[in-house]
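Each structure below is given as structure tokens.
There are two complexes below, and they share chain A, which is joined by chain B in the first and by chain C in the second.
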Partner chain A sequence: MHRLRVATSILGLVAVWQLIVLLKWVPDTYFPSPLATLQALWAGLLSGELSKALAQTASRALVGCIAATVVGIGLALLTARYRRLRQAFDPVAEFLRPLPPAALVPMAIFFLGLGWKLHGFILMFACLWPVYLNASSALKAVASVQLRTADSFGYGGWDRVLRVQLPAALPEIFIGIRIAASIALIATVVTEMLAGRDGLGFVLNEAAMTLRIPDMFAALLLTMLSGLVLNAVVLAVRRRAVGWHVGMTASNRG
Partner chain B sequence: MKIPQLLIQHAAAAALVAALAPHAVAQEKVKFAYLKTTTMVPFFFAEQKGYFKAEGIDMEMIPVQGGPAAAAAVASGTAQIGYSAPTPIIIARDQNQPYRFIFALQWERSPDQLWGPIIASERSGIKSFKDVAGKTILTGPPGGLCELAWRDWLAKNNIAWSAVKVMTNPFPQHQATLEVGNADASCTPDPFYTSIKGSKVNPVLLGMGYLAEEKRRYMIDGVFATDTWIASNPKTIAAIKRAVGKATRELNGDKSIIRKILIDEFRLPAAVADTMKSDYEPELRMDAAELLPILEALKRHGMVKPGLAVTDVVADVK
Partner chain C sequence: MNRFWDKTWPALALLAAVLVLWEAGARMLASPNVPPFSVVMQALATNSGVIAPQILQTLRRALIALALAIITMVPLGILIGRIRWLGDLLEPIIDLLRPLPPPAIAPLVMLFAGTGDVAKITVIFYTASFPILINAIDGIRGTHPLLHTVSRSLRLNRAEALWNIDLPATLPVIMTGIRLAVAAALLVSVTAEMLLSTDGIGVYLLRSQETFRIADGLAGICVIAVVGWMVNAAFLEIDRHLLHWHHATTSE
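Showing the complex of A and B:
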């Protein structure tokens, strides 16, 4: 039933798209039909252009998300363990996180060039904050009964953080990771559009510059599908890591 | 004694082999940040045909999204040379960035070699420059040739810059912006101008050429590098010149190759590729006098400081 609802929603969206094309609310030069887009997508995948670009973008987004997750959780554990570090770092985090990553690209090109360092910097900057802030908040919010129990068993310092707070905080940490995964894809595509040499963002921009609008839409569609796949990967990892929590909340809902 | 004789024989054999072996040309690595435009076709073709390698250059062509991206690539060391219109590089030099042009690639000269169209949409009602006051104009990237073109044409027609509303959309968006009426007029170079001509915009041509009624020949794009790289690599620059010269002569002799590259490699629609003008100068060169009209126009409109000399922006290339 759920799958039927999902399929119906997607078909409804495609129907609206086709209706806009038929009614010519937007000139068809700039808004190709679903069929024209799928044809361009198929041609792009067959020629290898889109599949290669997809592999480049997806690998950058995945590596960036993983790196930001490791660094973000690591920072959150440090600030959970050392209160003074949290007091020093949190204001910096609040100051830096509103900066849109796209705004940093023109400046970053000058000292990082156009290669992997630029992508790495932008991805780390964009994805770090949702992971860190969710993890930091979750580690602070662990139930006091759990902490007192840990104390009574003689857990202190890092033992308390790693064996009690971290497992309890994981479900909320994964919320941050899911957000970071979406941001990773957005940041990757934007960087490729502004300063890339390959990837879906570059293909998108190049298609626009050479007036190949169906190819542009095909690249957009592929970007959206990549987002779905990336989200599915994160959910699969979450089920492995915190399956107990998923099951618990499902049974609480009845 | 046998051992010294053997040693002498082996040494002689080694010397003979070394003398007969083909001389391996040491490859100088050069990365070129470029845009896929018609003026870049000779470089692309030279790289495909191995003419750079034959001159001892390992050329890596790095596609970028615009002149500022090319400048950033050269500044960061990602590329050694870059492609750009003259205005971003002159403006950068005015800001003490160490760039100079080493080759000019394309020029304009009145009346028959003009590539920069100023157009208005039919729905705007604009018939001449006099009607532009109070309207919304599209200039393309800030500090680009199109902004200079608009300033020059408006000034020639006694219209103040403050009398128009300026939008800076990227060129691919000009057609849609004019068609839906968000802007009334634009400076839109090819291939986008060719696409607009066949669209519902039904453009009215207000003027042609990036400088209003300029009679002198002036460059409109070229290849630039940093002062340091230019000073350290005169032989590399000469080798690039020879390789591209060879490619250009071949392309001028067979225009079908140009069309094939524009469609297959640059991915332009065939209808647009067929209208692109492509007469290449037989040899790459840089003449400071041909950058002067652009520099004078930039000074005229306050886009650079009066003290900037053309020799500050042009390399002395042999």
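Showing the complex of A and C:
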């Protein structure tokens, strides 16, 4: 039933799109029909332009997201273990978080060039904060009953952090990872648009600049699809890692 | 005061350590690519006349787009949350568009709206809309069923119930959405300026890059960080004032 509804509204969207093109509300050089977009998508995938760009963008976003997750959770565990470290690091994180990753691109090019180092730095900067801040506050918020139980079992120091706080905080940590995954795609595409030589962001920009509009729509469609896939991957990992929690609470809505 | 000091000294110590390392490291490298912290601060002082109007442009656009998003998306979210067929129709489309990176629509917007104010505000508006819309939908659906019974027994009509009961009950969730939207709007307004360049702090950064004025560019980044932090703090304060009754009942 749910799938039927989703299919209906997506069909409706495509129909409206086609109608706009048919009635020529906007010049069709700027707004290709759904069919023309699909043709451009198919041609781009076959010629390798779009498929190569997709592979580059997706692998960058995925690697960046995984790296930021590992570093972010590691940092959060450290600051959960050492209170002074958290007091030192949290204000710095709160201050750096609102800084737009795109703003760093022009200056970072001087230090890091245009290659993978630039992408790595921007992605790490963009994705680290949501993972770290969610993990840190989740580790801090573990119920005191659980902590006192751990104490009475003689868990102290790292044992307490890793065997009690980490499992209890895992569901909330995944919220941060999901946010980081969507930001990873945004940061990758933006970096490619601003400083790229390849990837979906670059293709998107280039197609727009050279007025190959169906190609631009195809790249846009592909970017959207990779966002959907990335989100689905994180949800699947979450189900495997913290399925027990999803079953316990009703809040398993996508 | 002592407790405050006890909590803040580690952060100040870390900050001081980073700045000292930066200054000493840059002076030892002595490379034109890595200006020391003191040079960046000098650049900030000499360029403040250039940076200030640019960041105000950026803020102006972000706030206009944010206001538009709040005015349109809160009512739309309430409608989608309350009217079943509208939700069935529009929610899959929202879920579909949500993962699309907002800056990616900049080239598309450029075709229709050029590179002026309208284009940039459109991109920021698009970005800020999603958190507000989604939180408004979830908020109105999550209102306690008991409130419905109350409004019925008070014989309120639909509009009165919406204004006096549903809206205040949903406001905490909507405010969370607005706070997320503020952060997103600031991030994207700088990005949009860099992609659709005419003016604003994003353009200032690009110009600094093109002319190899690294210290000036780093000064601009410092300004963005401070302004972003202040705007977020301001909205947190608004939230606290507007919802003091909510925080008073939940923080206990």
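FYI, the second predicted complex is superposed on the first by the 245 of 254 C-alpha atoms of A that agree within 3 Å, B and C clash if a C-alpha of one lies under 4 Å from a C-alpha of the other, contacts with A are read in each partner's own complex, and residues count from 1 in each chain.
The criterion applied here is as follows: contacts are C-beta pairs under 8 Å (C-beta built on N, C-alpha and C of every residue); 3 or more make two chains touch, one makes a residue touch a chain.
This one's a predicted model, so the numbers in the text were calculated from it and none came from an experiment.
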| item | value |
| --- | --- |
| Partner chain(s) touched by A:112 [first = chain B, second = chain C, both, neither] | first |
| Contacts of A:55 with chain B and chain C, given as first, second, both or neither | neither |
| First (chain B), second (chain C), both or neither touched by A:5 | second |
| First (chain B), second (chain C), both or neither touched by A:19 | neither |
| Touched partner set for A:205, first chain B, second chain C, both or neither | both |
| First, second, both or neither for A:197, with chain B first and chain C second | first |
| Which partner, chain B or chain C, touches more chain A residues | C |
| Touched partner set for A:186, first chain B, second chain C, both or neither | second |
| Common ground on chain A, meaning residues reached by chain C in one complex and by chain B in the other | 30, 106, 109-111, 193-194, 205, 207-209 |
| Sites on chain A touched by chain C in the complex | 5-6, 8-10, 12-13, 26, 30, 84-85, 87-92, 94-96, 98-107, 109-111, 182, 185-186, 189-190, 193-194, 200-201, 204-205, 207-209, 213, 216-217, 220, 223-224, 227-228, 230-231, 254 |
| Chain A to chain B touching residues, read off their complex | 27, 29-30, 106, 109-115, 193-197, 202, 205-212 |
| Parts of chain B lying in touch with chain A, wherever the complex brings them together | 33, 36, 62-65, 68-69, 72-73, 75-79, 170-172, 175-176, 179, 191-192, 195, 199-200, 266-269, 272 |
| Residue ranges of chain C touching chain A (in the complex, touch as defined) | 7-11, 13-15, 18, 33-34, 88-93, 95-108, 110-112, 183, 186-188, 190-191, 194-195, 201-202, 205-206, 208-209, 212, 214, 217-218, 220-221, 224-225, 228-229, 231-232 |
